[in-house]
Structures are given as C-alpha cells and as structure tokens.
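Letters are used for the chains, namely A, B and C, taken in the order the chains are written, and counting of residues starts over at 1 for each.
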Amino acid sequence: ALIGLVAVPAQAETVETRGGIRITSDDGRFKAQLGGRIHLDSNVWVDDDEFGDLETGVFFRRGRITLEGEAYGWRYKFENDFAGQSGDNGSGIREMWIGTTLAGVKLRLGQAKPYRGIEELTSSNDLLFMERPFASGSGIYRQYQTGVFADAAGSNYGWGAAVYNLRNGADSDDDTDGVGATVRGYYLPIMDDDVLLHVGGIASLDNPANGKTVGASVRFAGRRGPSQGLGSTTEDQQSFGVELAGRVGSLSLQSEYHFVTLAQPSGDDTDLSASYVQVSWLLNGEVKPYDVGKGAFKSPKPAGGRGAWELKLRYDLIDVSGRDPEIDVSQLAAGANWYINPNVRFMLEYIQGESDLSDGTGVDGSLIAARAQLSF
Amino acid sequence: ALIGLVAVPAQAETVETRGGIRITSDDGRFKAQLGGRIHLDSNVWVDDDEFGDLETGVFFRRGRITLEGEAYGWRYKFENDFAGQSGDNGSGIREMWIGTTLAGVKLRLGQAKPYRGIEELTSSNDLLFMERPFASGSGIYRQYQTGVFADAAGSNYGWGAAVYNLRNGADSDDDTDGVGATVRGYYLPIMDDDVLLHVGGIASLDNPANGKTVGASVRFAGRRGPSQGLGSTTEDQQSFGVELAGRVGSLSLQSEYHFVTLAQPSGDDTDLSASYVQVSWLLNGEVKPYDVGKGAFKSPKPAGGRGAWELKLRYDLIDVSGRDPEIDVSQLAAGANWYINPNVRFMLEYIQGESDLSDGTGVDGSLIAARAQLSF
Amino acid sequence: ALIGLVAVPAQAETVETRGGIRITSDDGRFKAQLGGRIHLDSNVWVDDDEFGDLETGVFFRRGRITLEGEAYGWRYKFENDFAGQSGDNGSGIREMWIGTTLAGVKLRLGQAKPYRGIEELTSSNDLLFMERPFASGSGIYRQYQTGVFADAAGSNYGWGAAVYNLRNGADSDDDTDGVGATVRGYYLPIMDDDVLLHVGGIASLDNPANGKTVGASVRFAGRRGPSQGLGSTTEDQQSFGVELAGRVGSLSLQSEYHFVTLAQPSGDDTDLSASYVQVSWLLNGEVKPYDVGKGAFKSPKPAGGRGAWELKLRYDLIDVSGRDPEIDVSQLAAGANWYINPNVRFMLEYIQGESDLSDGTGVDGSLIAARAQLSF
C-alpha cells in the first residue's frame, strides 16, 4: 500500500484538455489534480440613472483552488473560492465530497450542486455569458447543498438525483434548515458529428424547517446590478423544468423553462416562471463539446493559433404572479467570447436589464461587462 | 542550491501508508507533501425532547488541506480547516510551524497542539469515536496554541514540553492572553508483537493575562448536542493527568484521568475531574499501530479486500465541585468503524448523554451519529 | 493540447534558488509552482509605559500559500494569506492575476502591488527589517489593488505603471472606491561586480469616489505598537517619491523620500513627508542579489555552512504639516539577520519609536522583536 509519485505521460484517451497539475501513484491507486480559476470582471455602466448611479468597477467574481482525485477507487474533491468567503464561518467551500461508484451509479457524499438544470450544472469556466440566466441565478436553484448525490449516464442519456440538507439561500451557517430533493433526466435523440439534440427535465421539492424561509430574488443587469425580491415561503417550494439544447455544427442553442410554486400558509401561492434562450456561433468552425456524463456543454477548444471566436445572444425572463404587485424582470444580452488557448478566455457583453412591477414601479438600465478568465 | 522535481519511488521504510502527494528535490534537500481530510457528519436524534427538539442534519466536521515537508533539514507544516474558519481574522489555521532537530530533540516554533494527553494528540483522522472524550474536548485542553514545542522519543518512551501564548479558548483574535506551559512523558513497559502497554502523565499551567479568562465547557451527545458551562478563571488553571493504554492483539484499551483546578480570587477553587475508558476490537485480526514518536495510536490498515471492521465502546465522565451547583456530565457511546481502504472509513455510533446538576436541573438524550471520512 | 507531468531537472540558468514545488508539462506549455511562507513574530517590550503596558506576545505575521505558473504563454498567480484573512468576505487574497507579455511589456490583470517604491515592491521574504518603513507601511501606499499592471526592464533600467480600482485602505469589501494610478522608473548608472547604484522615482494619484476617504496612519515600534493617524482626504492624494540604493561589496544602503499631499475641500492641504535610510552589512562576504526586472534587492544566499550573518540599521521618519496639531513620528532600529539556508532565516532587532505632536502630546517606547521565517 506504499505510494510514491510518478510522472503521468500525456494520455490521448483522457477527456481533460485543460492541463493542470496531475499526479498519480506508481500503482495507479492514488491520484490528485490541482486546479485553479481566476475570473476578473469589470462593469462599465452605459445607463444606470435608474439604478442609482452605480460605480464602474473591477472585481474578482471567482478565485478558486480545486484539489480532486482518487484514492483506492474512491473519488474526492475540495474546492474553495477565496474570492467568495463569507458567512459566520468564513467558508468559501464550493464542492467538497467523497464519492464512489456502485452498480454503475456515481455516488457522492458531501457538498455539490443538485441536478437542477443544464445551465446550473455547466461549469462557471464554460458559461456562455458571464452570469447564469435567471432560472439558475435567481436563488430558485440554490447552488451548493450538502447531502447525497447520485448520477449515471449511458451513451445518449443520463440522470441524477440528490437529497440534501437545505441551507437557507446563501447563508452557510451551521443551522439545519430542512430537506430538499431533486431529480433530473436527459436524453439525446440525435447525436452525430453534425447535429446534437438534448432534451431534459427536472423536478425538485424544498422543505424548509424551523420556521426558516426559502425564497428567490434576482439580480439583473450584471453581478453589480440591482436586486429584485421575488417571493419566499416557510412552507415548501416545488419546481419543474424542461431543457432543450443542441447544436448544428458551430451553431449552438440552449433553452430552459422552469415553473416554481412557493406555497403560502394562506391565500394564493406565489408562482414564478423563468425562461431563457441563448444562441452561440463559433466563427472559425469549432464545435462546442458536449459532456454526456454531465448532460451539459463545455467551452470550445481553439482550432488555430488565433484562438476561437464566439458570438452570443440571450433573452432571459422571469415573472411572478399570485402576489401583489406582480413582477416581470427581463434581460437582453449580446456579445463575444475569445478563447485564446485552452486556459485563457476573454468575454465581452452588452446587457440591458429591466424590472417591471404591476404597481407601476421598476427600473431599467444597461452596461458593458467584461471578464478575463484563466482556469486549469 | 538549485532544486527541481523528481519522482519519489515507493519506499518500504517509510511509515506513511496513506498516500498523498509527495515531491522531493533531486538533491533530497527539499520535500513537500500535500494532504487533505474530509469529515462529513450526520446526526439522527433518537431522544432529544430535553435538548429542545434539535434538527437532524448533515455538516462538515472538518475540511482541511495540509502542506508539510522539509527544506534543508528544517521541517514545516501548514494546515487550514476550510470548514472551520472563524474569528475576527477568518482564520482556519490548525497547525502552522517551522521545525528542526537539536541534539535529538524535535523543536517546533509556531502553532501546534500542546502535549496534553494521548487522545488530544491522536490525529482526528485516527480517533476511535467521532468526538474526543470530555478530557480533551471540553476546553480544558484548548487545542492549538502558538509558541515553542519540544519532544523526543526513544524506542519505548518519549516526552514533550511546550510553552505558548495562551489564546482565550477558541477565540483566535490578535490579543495576547497570557502564557501556558505543558509537559508530558510516557513509557512502554511492555512492547512486543502481542502485547503493548503505555503509561503516561501530564501537567500543565495556564495563566491568563489582561483580565482575560480561561475556562471549560462541555458539549455532550455529539457535536450538535447541548453545551454545559463548567467554570472559568482569571487567575490560573492547573491540570494533572494520567494515561493508561494498551493492546492485546486486536483488542485495544485506552483511558485517561485528568484533574483540573480553576483558581478563584476568593472562596473555593473550582475542581474538575474528567475520565474515560474506551475499548476497541478489530474483528478481522488487524492490530492498531502505535506511533512511539507521538505516544499515540493510529488507525488500523485493512488486512483484506473487505476492509477492517472495528467494534467500540466508551464511557466518559466529567464532574465539577467547589461551585454551586455542582455538575456531572456523562456519556455512553457504542458503535462500529469500517476502514474500507487506507484513505476511507465510515463511523457509526449510538451516544447517550446526560448532564446532572446539584440543583436538580440537567438534561439527557440520545442520538445516532455517522461519519464519512476521506483523508490522505 | 493534452498535458501530463514531467520532472523538472535542476536548471543552472534559473534565477529561483529557493526550491519549492515546480511542475512542468512535457510540452513545456503548462507550468505550476507551489510556494509558502511562514513569518512567526514575537515582541518583548523594553519600555512600553507610555504605550499602555502592552503584552509580550507571539503571533503569525504572515502565513501564505502561493500557486503560480504559466499556461500557453500566459502567467498566473494566486496568493492567500491564511494568517491575514479579514473583511466582510473573509478574504486573505494578496496577489491574484492573469498576465501575458506584449511587445516586451509584462501585463497583468488582477490584484497586485502598484509600483510605489523599492521597499514596497521588495518581497516580504526579503525585507531587511521585520516591518517596512513608514514610507510604505503607513497606508500612504495602500498595498494590493485591483486593476491593470504593466512593467518592463532592460539590462540596467526598468519602469512600471498601474491603473486600479482604489480600495479604501485595508477594507477589502465589494465597494468601488475610486481610481488610482501610479508610475515608477529606475536606472542603474553603475552595475558591476563590486558596485551597484540604483536611482528611481515614482508618482501616483489616488482619487476616492462616493464620498469615501483615503488616508494614512502609521504604526510605530513594531506591528503591535501604537497607531497614529496622519490625515485623510475625500478629494485626492498626490504622491511623489525618489529612491536611492546601492551596494559596495557586502555593504548595502537603501533610502527613499516621499512627499504626499492630501487635498482638503477647504483650508490648507495636509502634507506628509516620509523618509528613511537603511544600511546592511553581510559579515561573511555575501552580496545582496538585485533583481533588475523588479528594481529591488533580494535576500542573500548563505555562502557557507554556517549561514549568512547580516547587521542592519535604519532611521525612519514621517512628518505631517498643514493640519493642527502637526505630527512627527520617528523610529530607530538596529539588529541582525541570520540566513540559515535558502529557505530559513531568523531576524532580531531593537526598535525605539516616538510620536511627537505640536500640541505637546506624543508617546515613546522601545522593544525587542524577533522573527522565525520559512519560505519557499
């Protein structure tokens, strides 16, 4: 059982093309990989009069170190976001879990993302736009949770299911806030060299305990834009969603629709519906890789020395009914990504965001946002 | 003095069998090892009526990354607990020190654990139960301190001594809170293949400054169970303890008794006495390794492909006199550990805890606790 | 583009002699290096009556892990200080950036130190004294900022320029606090084996936004000594400085003078002038290396088995005019450094510090300070 260190030759069969630091013991039973990601963002406001004259700024959106690997057939992952430490315990833990495979099903115990939608499960390194759309970025799908995660995939389908200790939104304190469960399935009716079509569906139930609430709020017009509360519940939250995504050569499309009910102790339930459609076109003919084990797309690898160029467009909408006032928040974004090499990309986008409440209030504005990203 | 990187062959003479990432320079003068530990716990309450209906929950007990090694004959260690960052400075530092060896004595400057008892010095990866007994887990022995640490060992004995800047309990802020000193010695009268007997003793003095207090409180019935304050002092705290431990084949026993006096400015001093006895039986014939350099036991290595199975039992008691009301806290725990491979184990235990105060108050209850652990 | 791990042979041409963990992919396109530093300090007060009877203490001044390297010609750096995490987001990030080289100019995007003076840019591992002099340690030059950094160097000159999002002193929260810009140039008229002469100059402008302030305060008589506020502004801060440094064999000298104006909305501006001179003599004939790419000195490498010994002396002064009361703070320090090997050094110094206000108040005192340092 003694273990040393050996050099890993470049292996053609590996799916990982980003590099990073990988070490394998000479008996192959212990593996470790050290990775990192830096996302440095900047906002330049074009029209922020109604947002209260926000400041142009530069800030780290993410600064993560990741250590993951295998030990005697068990997998593990540590990931801490040094640019996102918060809460009473100063924790920046993102994923942290122990995993194994039983009867073809990958099991993980610890903290990870529930299977709540194709965009939610896409790595932040591979997102088409700087921020996820409302469906996954609004707090409806509350990011990392602690519990049991199971998934499996065939050559053209996959599923995932998770049961977890519900944390109250972004609050990472010690409290036990109830239980949540999520299931997701996806299928690829077409999957050839030219055309790929992905359809998927998800359902989840979140049940806060101890009089705690779960709820949704949306930040629009970028990460530093205004925030709009959408509703909350001390009862339960039911969510259903469908995914439709695909590509034809260098043209990709991805869309989701989610319907969420926040049960209320009396009166009408609060209903949220969130949807988006986003389109990408890779100018030099690259094709966006699809990871069937995850059921999500990844960033393209540059085909030539000049890097890969991508044009992108998204329309994003969330509306709330069953409460007074009713709320509509929408966002239009367009821009370009430049993938310089497998580790570095730059993103540039123009975003117009708007909130519209049935009592006549609401704000709108626009900005240009940019990101410098290095990840491995 | 230039240094590169070379592969380390598996070495039969190394005592480390957990793997991990080890790197040595080609002249052997620089070494580094990267390790990690994930302890994921769950509590299921069997009887928590008197504890106020606590919630069943899942949480990280520890999530540490460790970097340690050597540089030109000097040793170093960094260890941060990302699941335990707290205090004004958000620090999760556990061990962080610089060390060397002088005349056969290992010296360390920085933060480490004072030599305060066999269970206190056992790695959290190697504990028999999920939580340490009251003697080391009550705040009587205040974990990591910053100062000077010295220890040495022969083939069947060892000692350690430390002087340190006292921190006020778990408070990791910048204040200087006084001085503490601890000494420990141990001897193994019997140490053959079948039978090992360890006897040890410790003494320590903690002297808080600036009107700060040191004190003890105990959390019983698991990490999320109720807490009971035991006393404190602005004067000084004297502690004496004895250790008796050993094994006969696959059967291990460990016991400690500690007597602590919290001096009071007027009236009687507060006296605490803490004791426990714990027994382990490895079903498949494995033997618990003993580390004579540390004077503590380690986890067994699985002998076969099915892993090692261990049954365990502990009775744990702390009582306080010289104050009103007097306090007794006791705990009975039984369970099993499953060591799947050198890096992964699962723990399961039933715990019954009870506090009993001389004014007739007190609470009792019980739970089932489980841990998934990966460490390297 | 697939990448594995290969051993790096010791390379005679590398300038790095500290060791550490370095890994390079077999195609040389991905590189990573893992470093660390532990600075453990102790203060023993000789005369602290006027400081309010401070406590002797032991504390970590720095406890950093660094990951840096290259990816396809782009450079990156992560550095977190686990002993210095603070602020609302619990961040201990020091440097974190993505860099490349364009037309011979090194560009970095992210968080780094503006080019504000030779001592400010000297690595904390290579400082002559435990703390930087007032010119860089007073908050006049506010350490790490987030923005764009550019620098280049020839064989005997160099320059740097930075534009950054101003953070309000040590406050690392999310606010956007304005804009700052700094330029620095240096030239070496003499640069032979025996004699090296460095002259340099800097200018910077800091413009706080949103009614935020920037300002200066100075901590004297060591890191735990008293703090004296020097002034602040909501308008702008202009700074000019000159550097003069050099060595003749084993004798080194370094000096800076900085003049800072804190503009005031009405009345006189507040003027600060800070200067110091420090001298080092390496007893065994070692020569302090100079890094022309950075325009700063580094620690000597021990020539023999007994390590390198260095005697050191500094006089340090800052005075404030244009406000009432006017303020003078001065400090005299003398001591010795022992460089045991390329990774470990010990520092010992006697410091006498004094504040003198024109209203007749002020305090003075003295202490002995020591550091144990391991870095790689």
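Everything below uses one rule, namely that a contact is a pair of C-beta atoms (placed from the backbone, for glycine too) under 8 Å apart; a residue touches a chain by one contact, two chains touch by 3 or more.
These figures come from a predicted structure and were not determined experimentally.
Novice: Tell me whether chain A and chain C, two copies of the same sequence, contact each other through the same residue numbers or different ones, using over half shared as the line for same.
Specialist: Answer different: the two copies use largely distinct residue numbers here.
Novice: By how many degrees does chain B turn when fitted onto chain C using C-alpha atoms, rounded in steps of 5?
Specialist: Result for this pair is 120 degrees.
Novice: Taking each chain's centre as the mean position of its Cα atoms, how many Å separate chain A from chain C?
Specialist: Between these chains, centre-to-centre, one finds 39 Å.
Novice: Touching two or more other chains, which residues of chain A qualify?
Specialist: Residue numbers touching two or more other chains: 7, 23, 34, 85, 90, 92.
Novice: Enumerate the contact residues on chain C facing chain B in the complex.
Specialist: By the definition above, chain C touches chain B via 7-12, 14, 16-23, 34, 36, 38, 40, 55-60, 63, 65, 82-86, 90, 92, 301, 340-344, 372-374, 376.
Novice: Using the touch rule from the top, collect the residues of chain B that touch chain C in their complex.
Specialist: Touch residues, chain B against chain C: 1-7, 23, 25-27, 29-30, 32, 34, 67, 71-74, 76, 78, 80, 85, 88-93, 96-98, 109-111, 146-147, 164-165, 174-176, 209-210.
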